[in-house]
Every structure is written in structure tokens, then in C-alpha cells.
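Pasting the structures here.
One chain, subunit A, appears in both complexes that follow, with subunit B as partner in the first and subunit C in the second.
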Partner chain A sequence: MWLYTLKRLLQGVITVWFIATATFFGMHSVPGDPLSGERATNEVIRANLEARYGLDRPVTEQYFIFMGNMLRGDFGISYTQQNREVNDIIREHFPVSATLGLLAVLFAAAGGILFGALTALYRNRLPDYIIMFLVILGISVPSFVFAALGQLSLVNVNNVLGFSILPVAGWGTVGHMLLPALVLGLGTMAYMTRLMRSSMLEVMSADYIRTAKAKGLSPTRIFARHQLRNAVMPVITVLGPAIAAITTGGFVVELVFAIPGLGRYFVQAVQQLDYTVIMGTTVFYGAFLVFMVIMVDLVYSWIDPRVRLQ
Partner chain B sequence: MDQHSKHPSAAVVPTLRPTDFEVLGTQSSAPVLVRPSRSYWQDAWQRLKSNKRALVSLYLVIGLILFTFVGPLVWRVDPALQDIDQISLAPGADRRALVVEPFSAWDGVTEWQQSQGQSGLRVADSPNTQSVRLKWDASLTAGGYLVYRNIYEPEGMDSLGLPLMEIENPSQAYYEDRLDLQPDVYYYSLVELNDNGQPMGDYQMVTAEVRRVITVDEVIARNLVDDPSALMPGDEVMLAWHPLGTDYLGRDMLARLMAGAQVSLFIGLLAPLLFVSFGVVYGATAGFIGGRLDQLFMRFADFVVALPFLLFMILFQVVFGIGPGESGIIPMLVALVILSWPATARLVRGQILQIREEAYVSAAKLLGASNKYLITRHMIPNTLGVILVTLTFAVPTAIFTEAFLSFIGMGVAPPTASWGSMCNEGLKTMLTHPHELIFPAAMISITVLAFNLLGDGLRDALDARMRSSE
Partner chain C sequence: MLGACLDLIEFDMKQSESLPTTDPSSTVPAPGDRMTRAAARQLAIYAAVVVLALVVAMFGLNYLASLTSSAAGMSREAVDVENNIITSYLREEPPQMNSMRSSDAISSMVMAHVMEGLLRYDENSELAPGVAERWEQDGRTVTFWLRDDARWSNGEPVTAHDFEFAWKNVLAPATGSQYAFLLYPILNAEAANNGEVSTDEVGVEAVDDHTLVVTLETPIAYFDRMVAYMTFMPVNQEFFEQTNGRYGADADQMIYNGPFIMTSWVHGASMQLRKNPYYWDADRIKLDGIDYAHMTSDSNTLQNLFKDGQIVIADLTSEMLEEAMFQRWPLSQFMEGTTFYAEFNHRPDRLTRNLNLRKAMLLVHDPSELVNRVIKLPGYVPAETLFPRWVQGMDGSLREEYPLPPLQRDVEKAREHLQMALDELGLEELPPLVFLSSDTPVARIQSEYYQEVFRRYLGIELLIDRQVFRQRLEKMTAGDFDLVGAGWGPDYNDPLTFADLFASWNLNNRGRYSNPELDAQVRIAQSSLDPQERTDAFGEIHRIIRDQAVIMPDYERGYVYVTDPRVKGIVRHVFGAETDFTNAWIDADAGEEQ
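Moving on to the complex of A and B:
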């Protein structure tokens, strides 16, 4: 177990290094530079500024400076927002995105497992057809459409009732989080429902289920202790990629619901070509996602020891 | 005893006659192949045909391709052309317009018959999309006026919003509104100001039902009637027809959906084709050669897989940059190919490794088969099914990615139409003109749905091992 953990962590570190390197050289090949435009009015000022920020040095040296700063956890200062360090931006806005993402993953996993199990139990009957129809819808409709429609229907519900049951946009209370998280998790929920269904169907025809039935165990006990526990395994494996998909998918939901998350700031930084914020958030997000995937893998290998042996 | 009467039996040689060689009749009990033998592909096609959902999705895909490529030949409307008379028009909306004289300035005095003798705020001429003329009684105490225009009936001073116009001369008791008038009902309100510019008293309100009008010159310029010489003011003409309505700039939705389909399908079909091909070559090379090279190739693929996909898609868009006049489609295509190939590479490598160990490959090798023969006869045909399924499932992912990026403004650059960017534009007017959001959103959903179902069907038809348990 320890060896496996160590191996996975080492892989993660190398991957993050790869992401940081790719980001650095990617951003350096962007035409133009932070000092172009109106900031440096003549050659002398420009040369001074370049010297001040180390932009006159060779790219390899800049790369080592960048990596050194990053190792110390220093992502630099924003080019467009006054007096803000990239670290401040991440510290302030990442918790928002993380909360939203976590809630969405929770919704997706809980819904996926529940609906998947239901469809398998009611195979080829009405509940199965209804849920599978909704699943196909969930897979085919883009998240921004769900976000827009969700917001629209909430506006209508609030209008009809005359008071607001949930706020339409913004951030702050639990009420603000529910609809965006649900919308964000829908696609993944649909995917997980499908996965859970096929896994559950496989488990239901397994020998040990027949044995359990023959022993005279109650159906609820078989369902809870034998079927659900075994069928849930494949859903856990996709939890890592699901977290990645949900966190980055959050950009759109944050835009539609006006949520001050990191995704929105990332998109904004990209539009304004805020070099340090782009590099900082990319590396941060990348590292976060890589380690989330590793975490899920570790949890999985702890639940199912066969994985470690492969 | 007659000794020579019979031949001795041991020495009998039967005389063979030609009749002995005649066919006695075919054996009816011999096994006969009842079914014609079918190749793998014929079999797969048969299975696909019996799958109703897959068949429907296949028709949908064909319909979509017709819509994209034949549609613009039938519906010859420029998707970038703005019809400023019909902005944000819902499908099936009234498109009649009254022919009127060209606009001429108003002196602020003349009134039409209907309002003569009325007092207070009133509409002084037939309200139309050229102008709405308002008149009121000049107040002796006022120091000026504020004119408001609302599309919902105001419910008090607080709901008037921002004024349309501030008139500082108290003797000017008229106002002519020519600002972006649409055929709709407008609520005009008037508030009198005191000498300090503060509102005094309540507001007066008048409703104006604005009619769409057009001048003879415009009718001729837009080629709306066959014989413009007979056209007189007072006649009614039909404006250009937009079957699915228009967007917020008056552009034809149907033409834009077709143009958007070209972008979406271009990226959605070409990108998977390119990255799947690259992944196949990469993975097959690694799997076939094996050893050190395989290790090296796969480690690199692992790193590319670990890159957060959407984050790097956005980053690539920044790195490539979109110059003026460029649509930004090619950068997106390149970024998709760079980031998406490893999944196919891994899959194909796994397949090749598996096939390499098969008994029939060993047998072929034993018989002296060349590498070329092994690849073309065994490797390619046996992986083709899996590759085809991967390709089909890659299409909706690519379309989703394009729509997602265009939606957050990181995709194709305006004025290029794309379903994602149309959704983004439609979102802003979702409450008043829902059709601008619903049509492109429906197109994305239908396309993704069709390719997903087709992928499911192909997987069931082509690969028994991957067959889903649905």
C-alpha cells in the first residue's frame, strides 16, 4: 500500500511539473508580451521595465525563476488587477469553486447511484424507461443550456409564488448553491446512472446473489449489503475524472449564475491576457485535479486491494 | 454333363456398361448451407439495422448532414445579413409592413385628427417604426420635462427607469422618438421638472402601439415586390420571410443555424478523424514494436492524458491567438487533436498487444507471414470495429467542446456563427426572445444525442465484448 501510494504521488508530482512546463512555454509563445501596448512608451523605459521584471533574460533562466517561485508557492502579481497577488485570487475564489464542485459531485454520485440502482431493479419497466430517457437527455444537453433553463424556471416559480424560494443568482448562502450545483452535476449524474445500471445488472446475475437468496436473506438486505456495495465500485473509479470534469465545467455555471468562483476569474484573465493569473490558475487547477485523481485511486485501491496488484 | 455351359464363378469379370456410371440421384440428406455466409461487416450491418434506436439516430445524422451541406443551397440567405426591420423576430411573427412616405421632419405643431382637442400627454401622429410623435400641454410652472419609454406598463414613479430624453426648454411641449423603434406596444411617460431639475408631481402616461412601416425606396432596395412602380403609400407589403425568426441583430436564424452546423460538424467530424487517426498510428506503433519504445510512447501519452482538458483547450486558444478576420476554427481543431489523441492510442495499443498474442497470428508467423501481411490482414481488420466506435463517441465530445468554448467566448470569433456562440447570444435575451436560445440549444442536443445513440448501436453491432448490457 505504501509503495503504491508513493509511486502514485511521484507520478503526480511529475505530471504537475509537466503541466507547469507546458503552461510556461505555452504562455511564452503567445504573440506580444505584458509590456507591449501603452505601458512602455519608449525604448529606455521598456528596457528598464524588462530588466525590473526579468523579461530581458533568456527563456531558460526565466523558466528556472518561474519554477523556483512556484516551488515556494509564489505565483506572482496580477497584471490587470491592482494590488492583487495570484495567491490572493486563488485563496479568495477557489473555496467558492471547490464548494460548488464538491456539492455537484455529491449530487451526481448520490443521484447516479440511486437512479442507476432503481433502473436495474425495475429493468424494462416504467421507472427504467423514464429514468433512462432522462439520462439520455442529461448526456445530450450541454450544461449551459441546463443552467439557463434552470435559472429561467426558477424565475418563473418565484414569480408564480410571489416570493423567492431560491435566489436566482449570486453566492453566499446554501440557497445560492443548490441550483448551480444540481445543474453542474446533471451531466455527470446521467453518466454515473448509466454506469451504475450496467454494473448493477451484472451484479444481480452473480452467483453470490443467488446464494444469498437461497439462504433466505430479505431482499432489502441483499440489496443493501450485497448488490449495492459491489455494484458501486465502477462508479467510484470514475469519481476522479468526474471531479475534473465538474470543476472545469463549473466555468460556465459560474458565468450564468454570477458566482465569484475561480473559473470565472480564469476566463476573465484569459480574455484580458493576464499572464500571471493564467499561469498560476492553470498550474493550481492542474495540480488540484491530478491529486484528486490520485486520491480517488488510493481510496479505490484501499476498498478493492486487487487494483494494487496489477 | 455339359461342362462348358457356365463360366467358372471365380473367374467372372463383370462386364461394365455405360449405364453403370450414371448418377443414381443426389443424396437429399447431405448438409447444405441454408444461410448465405456473411462477412463480419455484413453481420454488423444486419445487427445495426435491427436496432431501432441506432437506425433512427443514423437517419438523424444523415438529416443533419443534409441540413448542413444541402440546406444552404436551398435556403440561400446570407447568415451575416442584417434585416434591421425585423430584429429578434420570433418564428411565425407578423411580417406585414405598411408602405409610407419617406420620413420628413416634424415641426412639433401639426397633429393628426385623432388627438386634436385632447389635452395632456398624447400621441400626435400615427405611431410607427419611423417615429413616435408625442405632444403635451406646455406647463407654465415647469422648468423642463423628462420623457420615459417602457415596454412594460410602469407601476409608479420608481418603475420608470432611466429617462429617454430630458427637455430643458419648458416651452418645448413635444418630443419625437426615433430611437430603435420596434413594432410593439410602448408606454411613454412624462414627468415635469421644476427649475432645479427636480421632478414635481406625478407622471402622465400614454400608450403607443407602434406599426411597422417601410418606404417605397426601401421596398425597392430590398426587392420585396415584383412591381414596385405600382406601389403607393398605404399599401401593405410582406417583409422578407424568416422561418425560424431572426436574432438580436436581425440575422436569419435558419441561415445561421446552417452556418453554425458547418462549424460544429467541421470540428465535430474532422477533429475526431484526425486525432483518432493519429492515436491509431501512435498506439499501433507502440504496441507492434513493443519494448523500450512502447514504454517511452506510453509514458508520454500518460502525461498528455493528465493535462486538464478544458483548461488546456482554453490555454491553446490563447497561445494560438485569433487574428483579425480569422474565425478561430483551425486553432480549436489543432488544440483538440493535440489533447485528445492519447485515449485512442491507449485503446489501440491494448488491442494490438492482445491480437499479437492470438494463436492465429502465431500461426501466420509460423507460415512465414511478413509484418505487412500481419498488419493488413490481422491487425487492421480486427481493430477497425473498436476504432469506428471510438470515432463515433468522439464526435459528440468534440461538438460539446466547441459549443462550450464558444459559449464562454473562447471559441470561434464573431461574426462566424456557431451553435455555442448563438446560445451565448440567445442567453442574454432568454426572457423576451427564447427562440434565440432554444433553436441552437436544440441543434446541439439533437446532434449529440444522435451520435451518442449511433455510437451505442455501433458498439453493440461491431464488438461483442463491448456490448452493453442494456
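Moving on to the complex of A and C:
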């Protein structure tokens, strides 16, 4: 078990290093640079700025400087927000994304498992058809459509009622989070519903269910103890990557609902070619994703020892 | 917290309403299906437990959310009559509030509320005395006399030294200020900025605490109109040095001398301004505070926030315009003062250097078709020339004093010019041209419109090269295009801010247009002190740009916007604050609650 954990962690570190390196050289090979603005600057000011940020050195040298700083946990100062450290940006804005993501994952997991179980119980009957139709909608419609529609409906509901049941946009209370989290979690919820449904159906025809029935166990007990528990396993597996994906992928939702999360900085940094913020957020998100995957692997290998042997 | 609990209860009700699908009673299992019914009952119990757990989790999340931000102290109403505070938004987070280095419109807007330069813009967008009580220009010397009662928000007086310090700091090469070029009319400013002479040699001197004397390189007629811009704002040296390089990074890393002070700045989320008791003209300021409670550029979100009564002003999209008219909200139009156009590449190796080719393309271009039938956004107006409407001549609009024939599509004449161009170039057929475009929605439809127009009327193929901001800039500067979608906004209130754009030495002339005749006119406009002579020069530049088909004008950008009926006196300026609340007041009785 320890050896397995160590191996996975080492793989994780190599993956993060690879992400950092590929991003670094990819970013520097894109035309343009973070110092150019709408108004052209003269040579001397440019040279001054380049020296200040160390951009006047060869790219490989910059790479080693960056790696050295990264190992010390320092990502430098943003180019666009010239007085803010990248570490501060991550520290101030990631908790926002994470809180929102957490609620979205809760919605997705709770909804996915319950609806999935329901559709499996009523397969090929009306509830199944309705929910599966909604699932296809949830998977295929992009989140910005749901975000815009959701917000518009909320405005109209507030208008009709004459008071605000939930704030339309902004951040600060759980009320601000409900709609964005629902929108953010919808895709994952739909995906999990499908996964849960097929997993339930598979379990239903398993031998141990037949045995349980033959033994004369009560239907409630068979359902709760044998069917649901076994079926939920694969859904839990996708939870790790789903948490990472939801937490990092909220850019559109954050924009529409004016939420000060990290997703916004992540995307804008790429558009603005803000080298330090691109590196900081990419490495941070990369490490987060890798960490979640490793966690799932470890939990899974703990639950199911067969995984470790492979 | 109480509000949040209410929200929770609301949500709980909504949840339990939406959940009956999991409730067995609402579905009809086939009779006799004992297994399914029992399992469904169990599932319903689980569902109830899950909902309960979610509600509990939300209390935890509510606590987390309050830790990670900041709506604390922010009003959730657009107009807080009791505390005399209004709520608005910022399109983006200001990159920094350091007046010496900032260059963007959002920073400039906030700066106009919390800082004051020598001059400022009043409610009619006219120049008015700010920190300077009066000023006088005598040839190369401009003298500003500062008022005695101007104070920083820590109680210290605002002195001429604060201006001298700030301006010299802007020019110091180590500062790397993008807008340092605005100070170049000052003696030795350009040389100091290039590191050739020390900033001590720059022609700005605080003779005493209340007299600032500026020596110019050459006498120019428009210097007083430049000093209202944020780059010219004062900075208190003592305070600046104690911030240790973090000046303007946070609310407590600056001191203020404007009508308001910034009491909090939550990055990416909100900014809170409160009335500055030390401001010399505090009686003029009627609001006690402004909350910028949201930072987003999404126009639908802003409209929704306005509709929900959470912000006092919002720009409208065409869909929302109809509703606004139906609701009888107060509508206004604001022209931003910018012009957008397609710029030709005039470098020697480019086909677009050929005058007849450019003329042919200009002759099939119809800006009003582009604006009214393609872009269709409220507030956009077809452009006729580089100079937008607001640019003044002697008495009225420059464009009316030096009229040009309207841009009309003349396909026949255009084809003649195209033929001449082909003969001159010795070509049978024109190879495809590259149109460099940005990736905004408007730029997208605009580039497709161009593609269609040139193909249909002239048989010219246009290849669209769509690039995000920095890459587009890089390609523009490198000259990697035939045509580029570009725009220009004024930096100071003088026609020269547009007129010198295509001077051969201007670094922003990215098509490298070079014409001695135009350069000569720019020189006259820069150095002459005679208003008539300058205006004539502008008229001439205006004509040359059209005759030589230097650009194809597209549109002037503007907005149609709504304001809360209870807030009066909101002004939008081309210069200074794009949206100015310093003259606003709340009239609680006006307009019914929406």
C-alpha cells in the first residue's frame, strides 16, 4: 500500500512538472507579449519593463529561473495587475471557486445518485423517459445557456413577486451561490444520473441479488443494502475528477453571475498573455486535478484491493 | 445572516417542490410490483435525508462564503435613501489605482471620483478649476496657482510639490508608464523618459507650495486641456515612499484628494467609496457614498441586475431596449468618443499601398449599412471619417466646418479604380487580402460583412485572421496584415489626439502611412498658437485621410443606457469619468418603485 501510494505521488509530481514545462514553452511561443498595450511604447520604456520582468533573458534561462521560484512556491507578480502577487490572486480567489464548486458537486452527486436510482427502478416507464430526456438536455446544452436562462428566470420571478427571493448576481451569502451552483453542477449531475442508471441495471441482474431474493430478504433491504451500495461505487470514482473539473471550469458561470472566482483570472490571463498568472493558475489547477485523481485512486485501492495489484 | 436564513428556507421549499419526482405517490408503479414500490419508498426516504443534509451543508457554506468575500456592508438595493448611497458596477477590476501608471478607462473612472488633478471636468463636461484655482499660459511657460484649502484624506495639504513629484515619477524610465508620452510637451520630458537626461532637468517646478510652473518644449495651445487626465494627478511623496512599491494596490495603499475616498476594495468583487470630508468643495458633493458592488462585463447580467433593482445604471442591448421603452425607464444616449475603422497596410511590400485599390475598396464600403443592418446595436453610429462628432472646429463640429461628401457606394466607379490598380500593379487578378480582426462578437460580424461586400462588388477575396488581443497587437505592430480592424479613442480634449495618429513618426500608426503633406499639417497643428490656423490644419488632415483612403471608417461607438429614476445628475464624459456620480443626488420621490 505504501509503495503504491509513493508510486502514484511520484507520477503525480512528474505530471505537474510536465504540465508546467509544456505551458511555459507553449506560452512563450505564442506571438505577442504581456507588455504590449493599446498605446505603443517607445524602445526605452519597453527595454526597462523587459528588464524589470526578466524578459530580456533567453527563454531557457527564464525557464530555470521560473522553476527555481516555483519550487520555492513563488509565482511572481501579475503583469496586468502590477501590484498583485500571483500567490495572492490564487489565495483570494480560489476559495470562492472552491466553495461554489463544493455546492455544485453536492448538487450533482445528490441529484445524480437519486435520479439515477429512480430511473433504474422505473426503467422504460414514464419517470425514466422524462428524466432521461432531461439528462440528454443537461449533457448537451452548454452551461452558459443555462446560466443566462436561469438568471433571466430569477429576475422575472423576483419581478412578479415584487421582492427578491434570491440575488441575481454577486457573492457573499449562500443565497448568491444556489443558482450558479445548480447551473455549474447540472452537466455533472446529468452525467452521473446516466452512470448511476446503467450501474444500477447491471447490479440488478447480478447473482447476489438473485440469491438475496431467493433467501427471502425484504425488497427494501435488497435495494438499500445490495443494489444501491454496489451501484454507487463507479459513481464515486468519477467524483474526484468531477470536483476538479467543476472547481476549475466555472469561468462562464463566474462571469455571468459576477462571482469573484479564480476561473475568470485563469481565462483572462490567457487572453492577456499574463505570463505569471498563466503559469500560476495552470500549475495550481494542474496540481489540484492530479491530486484529486490520486486521492480517488488511493481511496479506491483501499476499498477494492484488486486495483493495487494491477 | 438573517437574510441568508430566509434564502435557505425559500430554497428548502423549492427543493421539496421539485423533488416529488422521487416521491412514490406521484408515480404510478404497475400494480403488484411490490419490489419497485418498496424500493421507491426507501429512495424517497433517502431523498429526504439528502435534502436535509444539503440544507445543513448550506449553513456551513454560508459561513465559508462570508469568509471568502465581502458583500459585507454592501447595499443590496440600487438606491439606499436612508444612508444616501447608490450602488453601481465596474466593467472590470481596475488593474491598479496608481495614477502614474494606469492607462485604462475603468481606473480613469474611479480615479475621477477619488482624486483630483489641477483641472477637472464639470457636469457639462467642460474644464473647471480643480486643485488649481487659476492658470495662465505665457508662451512656453504655464503657471498654475493652487488653492490653499485642497487637502489629502490624511489632512495634509495638497501642494505643488505633489504634482512635481508625480510628473517626474511618470517620466522616470524605471516607472515604465505607458502614458508617459502625454507629458512630452514639457521641456526635456521625452529626453528624461528615454533616459538621456535626469528627471531633474524636466521643465516642471514647484516654486512654492501653491505655485507650479511648467516650461514647455515649444509653445502649444492645448496643454491646459491635458492636465485633467489621470496621468497628471498629484501623488504625495511621503505616503508613496512608505507604501514600499505597493502604491495603489489596495484601498489603504493610497491617500485621496478627490470628492470621495475608497474605504474598501475587494479584488475582483467590489469597491466602496465614501464622501471625503477633507475635499475642498465637499458642499458640492451630495451623495454620501457609492458602492461598486459588482465587477462584470456581461451586458445581460448587468441588465438583469438593473431590472432587479440592484444597480442604478446599465447599458442596453437591443432586446432590452424595447422592454425599457415599455417600462418607461429614463433612457439616455452616450457617445464614447471613439472611432472604429479598418486600417490599410501602407508598407511598401503590400498591395494595399496602391491608392486606386484603396479607393476602390472605400467606394464599395457603406458604414450605414454596416451599422444599421449588420451590427444593429443601440448607440452605434456610422462613422464618416477618423474624427468623431464631438471634435470641435472653431465654433461647431469640425466635420461640419470642413464637410466631405458622404460615403456612398458607387460600384461602377469602384470597378474603374480596381482596373486602374490592377494595371498599375501589373496583375491579372488580385490575390486574396488578409483582414486582421479581433475576436469580439462585433469584430466577428464586421469581418464577415467585409468579406461579403468585397467579394460581391469587386471580386476580391478576403482571408480573415482572427486573433485575441495581444496577438493582434503583435501582428499589427509587425505589419502582418493587409487590412486591420482598429479603433482610436481620445487621450486629451483636443482634435490633435486624433489628428496626429497617421503622422509618419507616430508609433500607433500601425499601417505605417507616410505622407509629407499630412506630416506638415500635423506640425502646424502641434506648434501653432493661432486657433484658426490650427483648425484649418485639422480640416486639411481630415481631407487628406479621406482623399488618400488611409482608412475605411466604420462606426463611432456609443451606448443607450437606463438609469434609476430616483437618481439624478448622472453624467457620462468622453474625458475623465466615463460614468460620473460626483454631481449625482437621490430624489427619493421621483419615479415609483419599479
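In this text, the second predicted complex is superposed on the first by the 283 of 310 C-alpha atoms of A that agree within 3 Å, B and C clash if a C-alpha of one lies under 4 Å from a C-alpha of the other, contacts with A are read in each partner's own complex, and residues count from 1 in each chain.
Methods note: a residue touches a chain if its C-beta (ideal position, glycine included) is under 8 Å from a C-beta of that chain, and two chains touch if they have at least 3 such contacts.
For clarity, every value in this text was computed on a predicted model and none was experimentally measured.
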Based on the superposed arrangement around subunit A, label subunit B with subunit C as either clash or fit.
clash
For A:L114, decide between first (touching subunit B), second (touching subunit C), both and neither.
second
Quick one: classify A:V30 as touching subunit B (first), subunit C (second), both or neither.
both
Name the contact category of A:L102: first (subunit B only), second (subunit C only), both, or neither.
second
For A:S164, decide between first (touching subunit B), second (touching subunit C), both and neither.
second
More subunit A residues in contact - subunit B or subunit C
C
In the superposed arrangement, does A:F223 touch subunit B (first), subunit C (second), both or neither?
second
For A:L178, is the partner it touches subunit B (first), subunit C (second), both, or none of the two (neither)?
second
Looking at the overlay, what does A:G68 touch: subunit B (first), subunit C (second), both, or neither?
neither
Once the shared chain is lined up, is A:L255 touching subunit B (first), subunit C (second), both, or neither of them?
both
Output check: A:L152 vs subunit B and subunit C. Expected answer is one of first, second, both, neither. What do you get?
both
Superposition clash, subunit B against subunit C - the stretch among 148-156, 292-300 or 382-390 that is involved
148-156
Overlap of subunit B and subunit C contacts on subunit A, residues 30-31, 148, 152, 155, 255-256, 271, 273
Contact set on subunit A toward subunit B in their complex:
11, 14-15, 18-19, 22-23, 26-27, 29-31, 132, 136-137, 139-145, 148, 152, 155, 197-198, 201-202, 244, 248-249, 251-252, 255-256, 266-267, 270-271, 273, 278, 282, 285-286, 289-290, 293
Interface residues, subunit B side, partner subunit A - complex:
302-303, 306-312, 314-319, 321, 396, 400, 403-404, 407-410, 420, 423-424, 427, 430-431, 434, 437, 441, 444-446, 448-449, 452-453, 468-470
Complex interface listing, subunit C residues touching subunit A
3-4, 7-8, 10-11, 21-22, 27, 29-30, 34-36, 38-43, 46-47, 50, 53-54, 57-59, 61-62, 64-72, 74, 76, 89, 93, 95-96, 98, 101, 103, 173-174, 176-181, 193-195, 245-249, 253, 266-269, 293-298, 300-301, 304-305, 307-310, 468-475, 477, 491, 507-508, 510
For a test of understanding, state which residues of subunit A touch subunit C in their complex under the given definition.
30-34, 36-42, 44-45, 48-49, 52, 80-84, 89, 92-93, 95-96, 99, 102-103, 106-107, 110, 114-115, 117-118, 121-122, 125-127, 130-131, 148, 151-152, 154-155, 158-159, 164-178, 218-220, 222-224, 227, 255-258, 260, 264-265, 271-273
